[in-house]
């Protein structure tokens, strides 16, 4: 069955859901429709997509995206990829945990790294980062403290241990110290969104 | 099956191993310990540990041209290169500083692959432990330099193949230069 | 006395639950993994896994470097099976950039992946027995065999565990005939070792007592919880990506998929043993059919070996998955046409297999929690990626 | 005043003073057999010249005590080496081989390491009890050496209730373990202590009951008399060669393994589950004392098993104490062999094994012993074997939950 047919089937079964074709995958334009579509795909005799392989987030600068890879263990078909897009500020997508238990940790991971809030998730906490960590490290605008730019105290320590520190680094560290700033990574020029 | 026979059977296996350990070699299921400082496993040719820089003939004549490709490609970014300049401030084709932080290096061999000048290779040396981290494991240019003969010693197959390639490339270059010179001469 | 017994109902004994932190420093959590266990006596009432102690944001690291440069980082995901990790990643990128892999390289890949499976399964069984309280004997027997295979890896790729051997469109080094001969010898001798291993373990009453009907994972829950690998097959679900996707050249080999009956720890143990037998079959066939000569890297990719930064896959996305020894290892890669991936995601099997750890452990004793965790087969490098 | 112990009075070769023994007899078998007794007597003979009688008695006691005090820790030290070597060989390793030839000095290196380690007491611990527990655990382990007959006439104190003394004293170990676990204020320790209490109490019962047939047949609680009762057939008529003795021996040995917390019953310290159990919070020499107690316990319990079922120091050709040590070390080898092979059982299965399997079996064994006592030879061998086999079969049928299930594995193409 071609993906195009699956899309048509979904649209006939669930009228009112706005679907769009993006890169061979099905974009659900209103994220709130996601559980409906997933439930249809899981329960309908024709598809039986009973296995949610992967859930992940992605950051496309204007919006965040959640990507779901569905397979069928019964029919041994797949993958069928769903995606939902949300704004960066109100990143709210209904959780798929009631349908697929396997989404539990993966949604927690997506929340941890991208800050997508999965509604109705039974236990939405950070999973890799510690409690109280600020920001979402996988977002493209996340600025990381950089260990490659040395601070004045680092240079002091290194020189005490007979390590040559190049002049440029020293100058930079002094500038930073004057400004009272910490070393943060410079991001390369932002690539263009899809 | 009597209850307990499975336990007895597994105990027989260990007893068998207890006795065979006295008689049999490692291949037949005997002791496979290698008593390390006294005996060593044979060195594998492709074994890679930390990188080193190759020079031809004398240490002044090192192959590295400070192109910075390995430093850019290095996944954990453990290579730091500064190009050397002559008195007039023109860049020379050799590094002034070539540091590798072995505490960061993860022995992946990407630098070796990426180097277009066959200048950096993975060493077999692995006993580099020392009492101090920063001074002992930050290797500078002088520590990294090793001769082509050493490279031949540890990895004969690769070294001969690379020497062959280099020779061919040089000959081609020479031929091209001669051809160019010939082409220039007539006028 | 009143405090302890309520006079009316003697069964209502006033007891308190005990909250125990298993890990992150604990001898048998297989790394820095923590479980918050609430137990009533020794019976587990609630269990919450806590992870992330080894988190290094593997995905972000990979998004900030060229495609080829994250190959050695995939080694560090599941550091027991670096070859399988390489396989998954190169498969994803090959799908993305539409690269064909030459015949000989395909065979080498399959041989390496199956050797990795042997290494993993045999040591996992050893560790499981360690968790059961055996004093290192099965582990060391397993390591005796593992050592031989690791020697092969070292000779082929230059490293024992962090192989970094696969390249997009092929493999890095040639594999010489004498190494193939040695692999053949290993494959020939391995069944004898498995026989000894089974005699040591499979019928042992204590092992059966400890493993049978412990940590039962029903079929439906296993499917819904996205469990993959030997754990899923122990629950009786016939799903092996080598058969389903027939990726690489797995479609050419004849092998069977062992299925468990109940989905308890014993089934997981025994399915792994049976899978090793099947792997040996694949190895046998692959070693027989491997072409004697042939190119190692496809022509399209050969120039990029020297200059990985010039490799820019076309705009698009791909999801490549392989049947790693621990389960489905998937790599989701999105390219924006630059030398660095725009999005790189790892579907780590042992991370997702942990989802239902609590469901399996409830009502069992503390000692069983360790065994169940051992039978899930996690590697913290992958869980915390 | 006669300074000899009662046991020494029964010495058959005592008619002539051993100090003034004729030279041609010195290197005979009997001298070798009695070499330690002779040595003691020489010392007593020398001291007797210038010490009053009571001091002589005290010296005699002190000699026995110091012999045990040297033997106990020394046994423990070399048992650790033996264990590491044997398990190493079973796992195709070499084992310790760096300190001294074949690692023979390894125990001393370990001892020095233990002594120089920092002694850490947790902040919240009950310091007095935390300090006392290691002492309390070593004391009974050393005390029970007193009633072990190491050879002919080589029992430090020949109590007429020796067996009872042994069992009573060795069971106090539970208290020490519980002290250690409770005072450490550690949840793993506490779990280990709870397990230990449950396990020790449950295994005490089948252990005592498995000894009763021996007492019935020997008619005495004195360890010496029990050994004497096995002296026929040139010292080869051991109790283990009878059906009830064989079963009693197996049960006793299993319970002994459980009593001294050794694998596969090492739940109180089960390192893969509860880190180190009751001695999680101990370090340095205190930790070493726990180990010492464990190894001395396994030595004394093997010694007792030898005394009760394997004829003690009885045996042809070799001197009696060599026989005793040979047999004891053979049993210790089996304990080490267990540790090298078997995984640990779970706590409920452990209790189930004691209460549902071993206890009924010992009771059946008691009945069979009575049957044996009152019947004549051809009937009693066949009858008791049949009875015991029947009991074993019934019990395995009743304990279906521990019998392995047969599994069938399917393959999908």
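We just call them A, B, C and D in the order they show up, numbering each chain from 1.
Here, a residue touches a chain if its C-beta (ideal position, glycine included) is under 8 Å from a C-beta of that chain, and two chains touch if they have at least 3 such contacts.
Bear in mind that the values here come from a model prediction, so they are computed numbers and not experimental data.
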Farthest-lying chain, centroid of Cα atoms versus that of subunit A: D
Approximate Å spacing (C-alpha centroids) for the pair subunit C, subunit D: 45
Length of the line joining the C-alpha centres of subunit B and subunit C, rounded to whole Å: 29
Distance between the centres, which are taken as Cα means, of subunit D and subunit B, whole angstrom: 57
Separation of subunit A from subunit C, taking each centre as the mean of its C-alpha atoms, in whole Å: 24
Residues of subunit A touching at least two other chains: none
Per-residue overlap in subunit B, given as positions that touch at least 2 other chains: 3, 6-7, 10, 13-14, 17, 29, 32
Of all residues in subunit D, the ones touching two or more other chains: 90-93, 340-342, 402-404
Chain-chain contacts as defined at top: A-B, A-C, B-C, B-D, C-D
In the complex with subunit B, residue positions of subunit C that touch it: 65-66, 68-73, 75-76, 137, 141, 144, 147, 151, 154-159, 162, 164, 172-173, 193, 196, 199-201, 203-206, 208, 305-309
Subunit A partner contacts - residues on subunit B that touch it in the complex: 77, 82, 97, 134-135, 138
Complex contacts: residues of subunit A adjacent to subunit C: 23, 25, 50-54, 56, 58-59, 67, 69, 73, 76, 79, 81, 99-106, 109, 113, 126-130, 137-138, 191-192, 194
Interface residues, subunit D side, partner subunit C - complex: 87, 90-93, 187-188, 190-191, 194-195, 263-264, 266-267, 270-275, 339-349, 402-405, 407-413
Complex contacts: residues of subunit C adjacent to subunit D: 18, 20, 26-28, 42, 129-137, 140-141, 144, 200, 203-210, 212-213, 238, 240, 243, 256-262, 266-267, 270-271, 274, 365-368, 370
